[in-house]
C-alpha cells in the first residue's frame, strides 16, 4: 500500500497517467517502451534470445498469478505450458489445423487443465498440494510415452513429424522464422499476460487472492467464496500459460518435453519468480527475463575456470544452479521487491514500514546464525 | 575445446550467407554436438582437428578457417538456440555435426530458413531426406555424411545376418529394439526379412520402452525361448541392457546395432561386460575402410589422447567435403555449394561418400553399399592380457576375426 | 510368460530397496516436518561414491562403505549448511532441496559424464530357485536391505537416540517434554537417512547402472510410498514400499513397461485426494 | 467468578427450560432448532434450540468449553452441524458455507482474531469490503479505500490504520475484527468474546459501539464466557453448559438463576 492518505476518488485518467505514477511504475513503463523499440537496434540473434525470454517470463507470470497470490505453490506449472503447447501442436500435426487457430484451442485446453488442478487445491493444502502438482506433469509424460505415435514420447512432437510454424500475416513475415516478427509476437503475448495479470491483481480480486494466502477462513468470513477465486486463478493461469506454450512452440520454440513439460522447466519458473519477487507479477516478469538472459549469458562465457580447466560455457548449468541456490538463500524476497523497497525507503523514509526483526535483512540474520553455529562448533556459547 | 568459441552473443548482420560468389578472408564452420556425450565430443573434436589440419595446409582456397563449436546439451531446445547462435549470430558459412534424430529434426526448419549448408554426422532418421524430397527448394541445404540412415541400417542388419549368422550358430533369435523413432524403419520388416532371406527363426521383435531400467523380465523370456542371440537396435537404453545381460550371464549372444558399445572406451568403462558384444559402426580405429581411416584415428588419438567415435569420422569427412566444395566453386554461396556437393564423390575416412541426387531414393542422404559407405561390424574380443579390442567381423575384405560366443555361453 | 518367481523376487527385493529410501525420507519428514526433495540426489551421491572408490581401489566393499559415509556426510552438510536455516518455511525448503538435487545431478554429469556407469555387483553368480535362476547379487541386496531395516527397528526400539528420534517424529512437544535435544535428533536423522539412501543408491546401481538422474524415480516412488504408509511412519513405509513395488511389477508385467512408475504416482495423487492421512499413518494436516 | 452470587431470595427464578421445545422458522431472525454437533465420540453441542429476536442484543453465555464457539461455527457455516436446523429470516440455512451466510447478512468475528497478517489495518478492512466478484475495480479507484477509512475511524482505529495487525494491542485487534465484520454490511453480527482481556474503559467503548450498531438496526449476538460487562449491554441472555441450554431470560433472571450460579461456581 502506498503512503498517501487522501481519500478522494481517483479517476481512471489519474490511475493511467504516467506522470502521476510512482517512480517504479514509471520505470516499468519506460521498460515496456524500450521493449518496443529494441528490435530496431539489436541484431537478429538478440531478438531470438529475447523472444524466448519473453515467453519464459510469461510462463513465470502465469505461475506467480496462482502460486504467488493464493499461496498454493505449484511445482508442476509445466503442465499448463505442455498441455497448451502439445494440444496446439498435435492439432496441427495430426489434423492440419492452422497454428493461428490451434494455439487458442491449446490455451483453452490448458485452462481446463487449470480447473482440474485447481480442484485438489480446495481439499489439500501446502506441501501436499505441491506434491500433487509435482507429479501431475510426470504422469502426463508417462501418458505421452504410452502414445508415442501421437506425442513422440519423451522426445517430443519433432519425432513424429513437422509441426507448422505460424505463417505470415499479410505483409508481416512469418513470426515462426523471422526473428523480428517472432519477437513482436512474443512481446504481444508477454504484454497481454502482463496487462491481464496486473489488472486483476491490482483490482479487488488481487486483494482477495492474497487474502486467501493469508487466511482462507477469514476470507470466507468476509463473505467471499475462496474456492471460486482459487479456481479462477488456476483457470486463468492455465489459459495464459497454455497460450504462451502454444505460441512459443509455433514460433521460436518447439513441442518437446524438455522445453515445455520437464520438471526442470517448472523449477526454473519458480526460481525465476522468487528471484524477481513472488506475488508481484511485475517481479515475475522481470525475474523471468533476467533469469533466461542470465542463462544464455552464462552459456556463452568463454572464460575457462582455472585449476579444474573447464570452460564456463560447458558447465554453465551447474554454475547456474549454484548461483540460483545463493540467490534463493540470501535474497529470498526477490530482486524487484528489494529494489522497490529500498527506493521507497530512500524517497519516503518516514513512511518506513515497521520491520519486525529490528531492521536486519534476512541475509544478515542468516549470516549471524551461521557465525553462531561456528562459534558453537568451536566450543563457544551462542549469543 | 572451443578454440574459437566465437564471441559471446557476438556477431552482427554482416555478410549474408546466400550472397554472391567469392571466398572471404575467413571461413567459419559451426560444429554442433552434445559435449557431455562421447558422440558429441567426438564431433566437436573431429571438426576442430580437420580445421587445424586444413589451416596448416594453407586453408581453404587461401582463406583461414575457423571453427565455432556449440554444445547442444542433447536437447532439441538448446540445439535450436545454439544453431541460431551459429547462423544468425555468427554467420557461419556451413555447419556440421548434430547427434540425435530429434535434435536434427528440431532444426530442419531453421536450416531451411537460414539457407546455410548443413552436413549431418550423427543422426540416422530417414525423415530428413523425406523433407528434402517433399520440398527440395526449401530443404536442399541439408546433407548427411553419416551414419547410413536407419532404413539402410535395417538392410545392413539383414545382410550381416545372411553373411554371418550361420558361422555364428545363430539359428533362433529375438530382435530387441528400443522404442524410439529411429528404430521403426528397422523393426517394420525385420522379422519377415530375417526369416525369408536368412532363414533364421525370430521368436519375437520386442520394442523396449524408453527409460526401461530392468531387463530381467525380457531376458527371462528370451532364455525361456532358448534363443541363440539377441539381435539389437539399441542406443539410449543400450548400456543398461548390455550390463544386465553380462551380469546375469545370459546364455545367448548379444549384438547388432548397439551404439554405446561402439565407443572405443566402452570395454574398459564396463569392466569387460562388453565382451563378445558386436555392433555395426562407421569404422573402427584400425580398420582400413579407406586409406584415410587409420591416419585420422591416429591423428585424433595424438591430439586428444583417445579414439574417435563413429560420429567423429563423419564430422571429420564433412569438414573436408565443405573444403572441397568451396575450392571447387570458389564461393561460399550456399546454392553453389549445394550443387557442388550433390555431384561430389569424396573418399573419406568412413568410405566413398556420395549423396543421392534430388530425385534419388533418399535425396541428399549418403549412399549405402559396398561401393559407397557401408560401415563395418566388429566384436569386442579380449587379448591374452585381458584387454578388449574391437575386431572387425564384416565385411569380408576387412574381416579380422571370427565371431566368438560369450565366455559363459 | 515371465515366471512368477521372477516377479516375486523383484517385488521382494525392490520393496526392501524402496523401503530403505522411503524410511529416510519419512524420518526426515517426521522429525523435522521437512519434505526433502534432494533425497533422491543422495541416491546418486551414494552410487557415484561407490563407483569412484571401487574404480580407485578395486574393492566394492570399500565402495559400499564410501557410499554410506559420503552420503551421510553430504546429508549432514545439507542439513547443517542449508536446511536448518530455513526449516520453518516448508515451501522454501521444497524449492531449495529441489535446486540442490539439480545441482547434484549436474555435478555428476560434469564430473562423470552422462554415460551409464557400471558399478560392480556385490556378489556374482546366480542361484537356482524352483527351477528359475536368480542372481546372487539380488538376493544379497534383499538380505542386506532387510538387515538394515531390522537394525533400524532395533535402533528406534532399543537405543536412547533411536527412541528420541521416534519420539520426535511422533510429536515435537512430546520430545521436548521428555527432555530430548531436538536439534541433535534432527542431525542424527539426516545422517541416518543420508547413509541409508546412499547404500540404496549403491544397491540400485549394482544391478542396473549409475547415471546422474538415477535418483529421480526412487524419489517419486518414495512420495507415493510415504503418503501411502503415512508420513512419518517407519512401519508404514515398509508396508507402503511393498505395496508400491508389487503394484509397479504388476503394471509392468501385465499392462506395459511404458507405465513403469506411473501407477505409484497415480496412487499418490488418489491417496492425497481421498484419504490425506494415508492408509496407515497419522494425520497429514497437522501443523 | 459469577456476578450473580450475592442474591437469590425475592426474585422469581427464570422460567424452567424445556429441552424438547420446538421452534418455528419464523420465531426470530435467527432460529436454531435441535442443533447438535459431535466430533467423533464427543458431543460439543447437544440438541440446542433458541431464537434471536430482531434488533436485540442477545448474550450467549456459558463457561469455557460449554460449546459456545462450536454453536457459532455451526451457525456461521464454518462446519455443518451433525443434526438440527438453522433458520435465518425464515429460511433454512443449515450447513451453508460461511461466505453465503455473510451474503445473507450474517457476519461474525473471531475470538482468536484472524486478521490478514500480511497487510495493514486499513487494507484488512478494505479486503473485507471487496464484493464476492471476480471482476471488480472499485478498489483501484479508491472507493473502498475511502469507505474503509470511515470504518476504521468508527471503530476507533483512525490513528492506527496504517499499522500492521501484529502491532495492535488486544483491544485494537478486537476493533479490527469488528470493523471487518461491519464491512460486510450485516443485518446481524455474531461477536465472539469481545470483552476478554479488555480494561474497564475499553469495555465501555466497545459496549457503546455495539449499542450504536443496534440502534442502527443490527441484531447482535454477543458470546462471552463470563458476565462481567455483558449484563449491562444485553437485552436477554441464553446460558449453555455442556452443549445444552441451561437458562434463558433477562440479565436479572440469569443473575439470579441457581443453575447458572452452580455451573459457574462448579466450573471455576
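Going in written order, the chains are labelled A, B, C and D, and every chain counts its residues from 1.
By definition in this document, contacts are C-beta pairs under 8 Å (C-beta built on N, C-alpha and C of every residue); 3 or more make two chains touch, one makes a residue touch a chain.
Everything numeric here is computed off the predicted structure, so don't read it as measured data.
Asks: Farthest chain from chain C, going by mean C-alpha coordinates, please.
Replies: The chain lying farthest from chain C is D.
Asks: For the chain pair with the highest number of C-beta contact pairs, give its two chain identifiers.
Replies: Looking at every pair of chains, the most contacts join A-D.
Asks: How many angstrom lie between the CA centroids of chain B and chain C, rounded to a whole number?
Replies: Those two chain centres are 39 Å apart.
Asks: At what distance in angstrom does the C-alpha mean of chain D lie from that of chain B?
Replies: The separation of the two C-alpha centroids amounts to 79 Å.
Asks: Using Cα averages as centroids, what's the distance between chain A and chain C in whole Å?
Replies: 32
Asks: Note the residues in chain C that touch 2 or more other chains, in rising order.
Replies: 109-110, 256, 258
Asks: Could you list which residues of chain B touch at least two other chains?
Replies: In chain B, residues 179, 209-211 touch at least two other chains, as defined above.
Asks: What are the residues of chain D that contact at least two other chains?
Replies: none
Asks: Pull out all the chain pairs that touch, please.
Replies: Per the contact definition above, the touching pairs are A-B, A-C, A-D, B-C.
Asks: Would you tell me which residues of chain A are touching chain D in their complex?
Replies: Per the stated touch rule, the residues are 1, 3, 5, 7-12, 15, 200, 202-205, 207-208, 210-211, 213-215, 217-226, 228-229, 232, 353-354, 356.
Asks: Applying the document's contact rule, which stretches of chain C touch chain B when the two form their complex?
Replies: Result: residues 1-3, 6-7, 10, 109-110, 113-118, 120-121, 124, 126, 132, 135, 137, 207-209, 217, 252-253, 256-258, 260 of chain C touch chain B.
Asks: In their complex, what parts of chain C are in touch with chain A?
Replies: Touch residues, chain C against chain A: 35, 80, 82, 85-86, 90-92, 94-96, 98-100, 102-103, 106-107, 109-110, 216, 220, 223, 227, 256, 258-259, 261-262, 265-266, 268-269, 272-273, 276, 284-285.
Asks: Show which residues of chain D lie in contact with chain A when the two form their complex.
Replies: 76-78, 97-100, 102-103, 107-108, 110, 114-120, 122-123, 126-128, 130-146, 149, 162-164, 166-167, 180-181, 183-184
Asks: Mind pulling up the chain A residues that touch chain C in the complex?
Replies: Interface residues on chain A, with respect to chain C: 73, 75, 120, 123-128, 130-132, 134-136, 138-139, 142-143, 145-146, 263-264, 267, 270-271, 274, 310, 314-315, 317-318, 321-322, 324-325, 328-329, 332, 366, 369-370, 373.
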